[in-house]
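Paired with chain B in one complex and with chain C in the other, chain A is shared by the two complexes that follow.
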Partner chain A sequence: MKEAVMIPEQYKQIDFMKVKKKQKRVRFIKGMLFLLPSILLFSVFLFYPMARTLYLSFFLTDNSGATTVFVGLDNFKNIFTSPIFLKSLQSTFLFVLYTVPGTIIISLFLAVIANEKLTGIGFFRMIFSSTMGISVAAASVFWMFLFHPTMGWLNQFLEALGFEAIGWLTNPEWALLSVSISTIWMNLGFTFLILLGGLQSIDSHLYESAEIDGASYFYKLRRITVPMLSPTLFFVITVSFINAFQTFGQIDMLTRGGPQNETNLLVYSIYQEAFKNYQYGTASAQAVILFFIILLMTLLQFKLGERKVHYQ
Partner chain B sequence: MTMAISKKLLFYLLLTVSALLVFSPAIIAFLMSFMSSEDILTGRIIPETWTLDNYIKAFERFPLFGYLINSFFVSLIIMIGQLLLSSLAAYAFVFLEFKGRDTLFFIFIATMMIPFEASIIPNFQTIRGLDLLNTYTGLSLPFFAVAFGTFLLRQHFKQIPKELKEASEITGMGDLKFYLTVVLPIAKTSLVTLGVYGFLTSWNMYLWPLLATTDDTVRTVQIGLKQLQSQEQLNEWGVIMAGGLIVVLPTLILLFLGQKKLQKGLTEGAIK
Partner chain C sequence: MKQLFIFILVAFSMLLSACNSSEGNEGEGTANAKGGEETKGKTEVTFWHAMGGQAQVALDEIVKKYNESQDDVQVNAEFQGTYEETLSKYHSVGGTDDAPTIVQVNEIGTMSVINSGNIEPIQKFIDEEDYDMSNLEANITNYYKVDGKFYSMPFNSSTPVMYYNKDAFKEAGLDPEAPPETYEEVEAAGKAIKESNPEMKGFALQAYGWLFEELLANQGGLLLNNDNGRDDTATEVAFDNEQGKSIFKWIERMMDDGTFANYGTNSDNMVTGFLSGDVAMFMQSSASARDVIDNAPFEVGVAFIPYPEKEERQGVVIGGASLWMSKGKPEAEQKAAWDFLKYLQKPEIQAEWHVGTGYFAINPAAYEEQVVKDAYNEMPQLQVTVEQLQATKPSIATQGALMDMIPEERKIIETALETVYNGGDVDEAFSTAVEQVNAAIEQANTARGE
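Up next is the complex of A and B:
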């Protein structure tokens, strides 16, 4: 008798397990169906290309990009002994060094003054965020004129003040700085918008109680604004870093990497090597370097950011 | 709380000077686009006579209108693709529970670390291999899946009460129907934010259209501007500026209309 009772129990258990398993499978399939389009496209246009780039970096290729000879690490050896590539790396780091702090400091200033409750402040916010709506190509055209050796406003201004005209884009000593200035301008809008959003999300009670205690404007700025803004700051710094390493459009429009390769930034160098010189192998090796730089930057920022950032 | 008058004046002064400095490159371009060549050569600031010649020339000499149409369609397609894929993925991450979900979420995060610029070579080969060079599909397909959009929408979907989902299950509503009839309408504002952002960034794209187009029929307006700049002679700055302003106008209007939402949406997507 005892056994007779036991068996159906066991069957029930199995049935129950089966149903649960089936439900699990259905749920899994459903989840995958919702995610499939994204996963598929990520695989085709992001993960596969990354692997393929790594693969190509070990080969020589023909003009169409098909692999011909396996050369191991030779492409990497070549780029790291090539003065042009080393120059490109150096320019890229300098460019990052100029543009990231420049963009952040100016945008922060604009966001702080645009965060006051004043009549007509919406208009100023609109102006400050406007460069986000101006494409790299259009911005480059605007700046190309400002940098123009004779007609450009910058040189006219300098001459009016009695200084000598500068070859903004043609003088090797100035070109990278000039491109950086125009890039800072292009990035202002986006960075400003994010920082303003961060400022507005700070609890106003903090300022009110500081005011009651008689705190000065700069004391509040230093002790409330900056610490409370740190997660947003951390985000824009990371994004600015990554963007700076990926700069391409303004180089192609303003200097084409010149003069004397001064502004031959990493992505432009990859583009030249792959699509002008048809050296897909070395271009891929450069792309791999770019990938690792950005990976390292992101990880470093996360590590450093975690400790210093103040989260609410 | 009211500010002292002197402090107010100081802020207005700072704001005005900053606004002038920030906007001056655009203002200069605007003024120049209405100037005659002589006005530009003599270095005038305000046009002596306002003329539309530069705009007419820009449209006459270049298939600018076609470029505008191309940019519009490519941006629209990318925008729709991003909205669709991001909202589907975000739905799965918020409302569906299944094995491997966290791993997949991590993969989505990992995609943010792969720069598109570092993978252009195989992507170019893929698109060429699929015979999609010089097509709208080839211009837009690589940008449909975006982790950023998924995170942004996930943030907003999470604010939808779980009870709604439970209620829908009790009434036997399927996930697809719940997604379409409940989730999407509730998340309308965040969809608009992402849409504006997607359109803006697609319109302004430069490197990929440069690689993926070789003839004028599908070329986007940004690459058109590069052509205009490199082919025009030095004296034709007015025409170049006119071209630049035409390129910038749609996105500036979109930005000004959606600025508040964009700011809110981007900040939330960025921080949380």
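Up next is the complex of A and C:
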């Protein structure tokens, strides 16, 4: 008995390791197999372009984007000493600061009031989420008419009230704000819909028991609605952040980066460098910077923001 | 396992090729509607252009006529978006089989396309059959002649003109038939208009680098050194002087008078402003002449662009685009394309093009055609645009600058103009612009490895 146990145990030890190794390998291959489609797609559409961008950022290029001169980190040095790029960084951060909180607060407000159970509330829900169905281009044209210096409704309204007309898109002090306002409007629909969905999935028992305890409306809002909504809010904030950093369409339509580069957001600046000035090297360097900014912001949000998120 | 891998690869490449082919079909849509059997035995020529709106209608009509006029060549015209988009696309496929036979490139893209090395200079075909380019308008061919050689065939050309509201001029007691010619006269007219109608501004200048270049050339100023980049590659700007600054100073004076209307970089807003009577004069491409005249509820005047009193009028640089032929295409295809290019220069085709769009007729013989005469009777203003071009004194200044970084220069100038429009300091805005353009020239020269 003793012998019988001893010997096999030795073998078992070896066998066990082998089997484990083999199992591990099979599991790894299986896993890889499942991942293969996305790895393939990602490498063609994401990893390769990313590596290529990084590579290009160390070179100067000719007009077709072929590399000509290796300049090392000069592209990065140049953009960080260029007042135009620094201005564009500043505008981008300001734009994010205007649009993200603006969108979230307004759509949260709309979602909360649209969550009340009233007759005909479906109509308002449809109206509030309707901007989702409008493309950026169409919405920009619509806002361009509103912002027109002399014939736009906004200025006609101001003048009717006895104020002076504002150069919404031509005055450098207003342009970024004007673009932000139109962007907030465009983003409202999507954010509203997600938040409303989040609100509707909150268990009504929570409210009922709070009501029995005599909690006020705002107490419930603060202690039940917002904490229970926090995963949705977190998602919406992250997505809005990334979207805001990548804004392009409305800039191209409304201001083309003007007046005085005041609305020359990062992605638009990249577009101009690459496809108008044919400086693919500089453009790639800017794209790399944008990548790191978004990476950093998202990491920060997960580090700091997620702590406050309450998952059920 | 291996089979699965191969299966995925195949599926994936099929997906990719599906994307490709659907894209290809989409592009062919416009002029190749008949396609199929009809093209059998014909040499096919692909023609990428950037003509949207009214101009596309006119161009498609011309292409259709050409295809019906003979049995050997089938031209497929494909709209590719704006000039910038077309040029970017061409740069990315240039030299491959996907490149079109003919591509339309705007005038400032000239150097960029030559440097790419993917085109066949049309001089080759001109030499082969002794084609007479002197039939064409000299002020236009001057621009496209680089180092004594024709690289591309001029096609749609325009210059800026000054549009003005004749009714407003009458009301202000100005002579509607004698539009202001100099900066100083424009200022005075602006003041008179503002006095008679405080709601109306005098003059609007879109913040657009092209207009700055034209105003500079009109007083004989050069944009770039080394003879506007035509003698040798430019190394720095040549407008860092009184001539360059005079344009900024002029705007500043009108702003002080309160007669300048600021529409920023948006030309649509400016035209709408003019049509609704918010501003009495503005500068814009002659290609919009038809649009503006047709849509204005008042009488529109067209005049030469202004110049400073102390200088002499030199004239304008040609704007617009020309047609380029790809290198590396089969000879038959190139020959077919050349035939189409020659067809486009015929007086009757140019007459149709001129009247339909407001672009110039490249071939001056077109002005003798009946269509054009009829149009001039109806809209005498159209003639002014041609007169301004023909009154231009040939010189390096009016030949126009050549360099691949001109799009960047324009953007920088636009920013500087906007700074002044918003009350910024003229000297500071001007010297910043000069500095930035010089840096851009240096960068572009290093990038080419020179």
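Definition applied: the second predicted complex is superposed on the first by the 274 of 312 C-alpha atoms of A that agree within 3 Å, B and C clash if a C-alpha of one lies under 4 Å from a C-alpha of the other, contacts with A are read in each partner's own complex, and residues count from 1 in each chain.
One rule holds for everything that comes next: a contact is a pair of C-beta atoms (placed from the backbone, for glycine too) under 8 Å apart; a residue touches a chain by one contact, two chains touch by 3 or more.
Values in this document were obtained by computation on a predicted structure and should not be read as measured data.
A.B. asks: Regarding the shared-chain residue A:L146, is it in contact with chain B (first), chain C (second), both, or neither?
C.D. replies: It touches chain B, and chain C stays clear.
A.B. asks: Quick one: classify A:S209 as touching chain B (first), chain C (second), both or neither.
C.D. replies: neither
A.B. asks: Should A:P37 be classified as contacting the first partner (chain B), the second (chain C), both, or neither?
C.D. replies: both
A.B. asks: Name the chain, either chain B or chain C, that contacts more residues of chain A.
C.D. replies: B
A.B. asks: For A:Q246, using the defined touch cut-off, is the partner it touches chain B, chain C, both, or neither? Pick first, second, both or neither.
C.D. replies: After superposition on chain A, A:Q246 lies in contact with chain B alone.
A.B. asks: Name the contact category of A:Q23: first (chain B only), second (chain C only), both, or neither.
C.D. replies: Neither partner.
A.B. asks: Between chain B and chain C, whom does A:N261 touch in the aligned arrangement: first, second, both, or neither?
C.D. replies: second
A.B. asks: I'd like to know which partner A:K276 touches here: chain B for first, chain C for second, both or neither.
C.D. replies: A:K276: touches chain C, not chain B.
A.B. asks: Check whether A:E116 is in contact with chain B, with chain C, with both or with neither, and answer first, second, both or neither.
C.D. replies: Touch status of A:E116: first partner only.
A.B. asks: Starting from the residues of chain A touching chain B, keep only those that also touch chain C in the other complex, and list them.
C.D. replies: Residues common to the chain A contacts of chain C and of chain B are 37, 40-41, 65, 151, 275, listed in rising order.
A.B. asks: Which residues, counting only chain C, touch chain A once they are in their complex?
C.D. replies: Interface residues on chain C, with respect to chain A: 1, 4-5, 8, 12, 84-85, 88, 91-92, 94, 112, 115-116, 118, 207, 262-266, 269, 272-273, 276, 278, 404-405, 407-408, 411, 414-415, 418-419, 421-422, 424, 436, 440, 443-444, 446-449.
A.B. asks: Using the touch definition from the top, list the residues of chain A that touch chain B in their complex.
C.D. replies: Checking each residue of chain A against chain B gives 24, 27-28, 30-32, 34-35, 37-42, 44-50, 52-53, 56, 65, 109-110, 113-114, 116, 118, 121, 124-146, 151, 153, 156, 185, 188-189, 193-194, 196-198, 200-201, 208, 211, 231-232, 235-236, 242, 245-246, 248-249, 252-253, 267, 270-271, 274-275, 280, 283-284, 287-288, 290-291, 294-295, 298.
A.B. asks: Give the list of chain A residues in touch with chain C in this complex.
C.D. replies: 29, 33, 36-37, 40-41, 60-65, 68-69, 78, 84, 148-151, 167, 169-172, 255-256, 258-261, 272, 275-279, 281-282
A.B. asks: In their shared complex, at which residues does chain B touch chain A?
C.D. replies: Within the complex, chain B contacts chain A at residues 1, 3, 8, 11-12, 14-15, 18-19, 22-23, 25-26, 28-29, 32, 40-41, 43, 84-86, 88-89, 91-92, 96-101, 104, 107-108, 111-126, 141-142, 144-145, 150, 175, 200, 203-204, 206-207, 210-211, 222-223, 225-226, 229, 237, 240-241, 243-245, 247-248, 251-252, 254-256, 259, 262-264, 266-268, 270-271.
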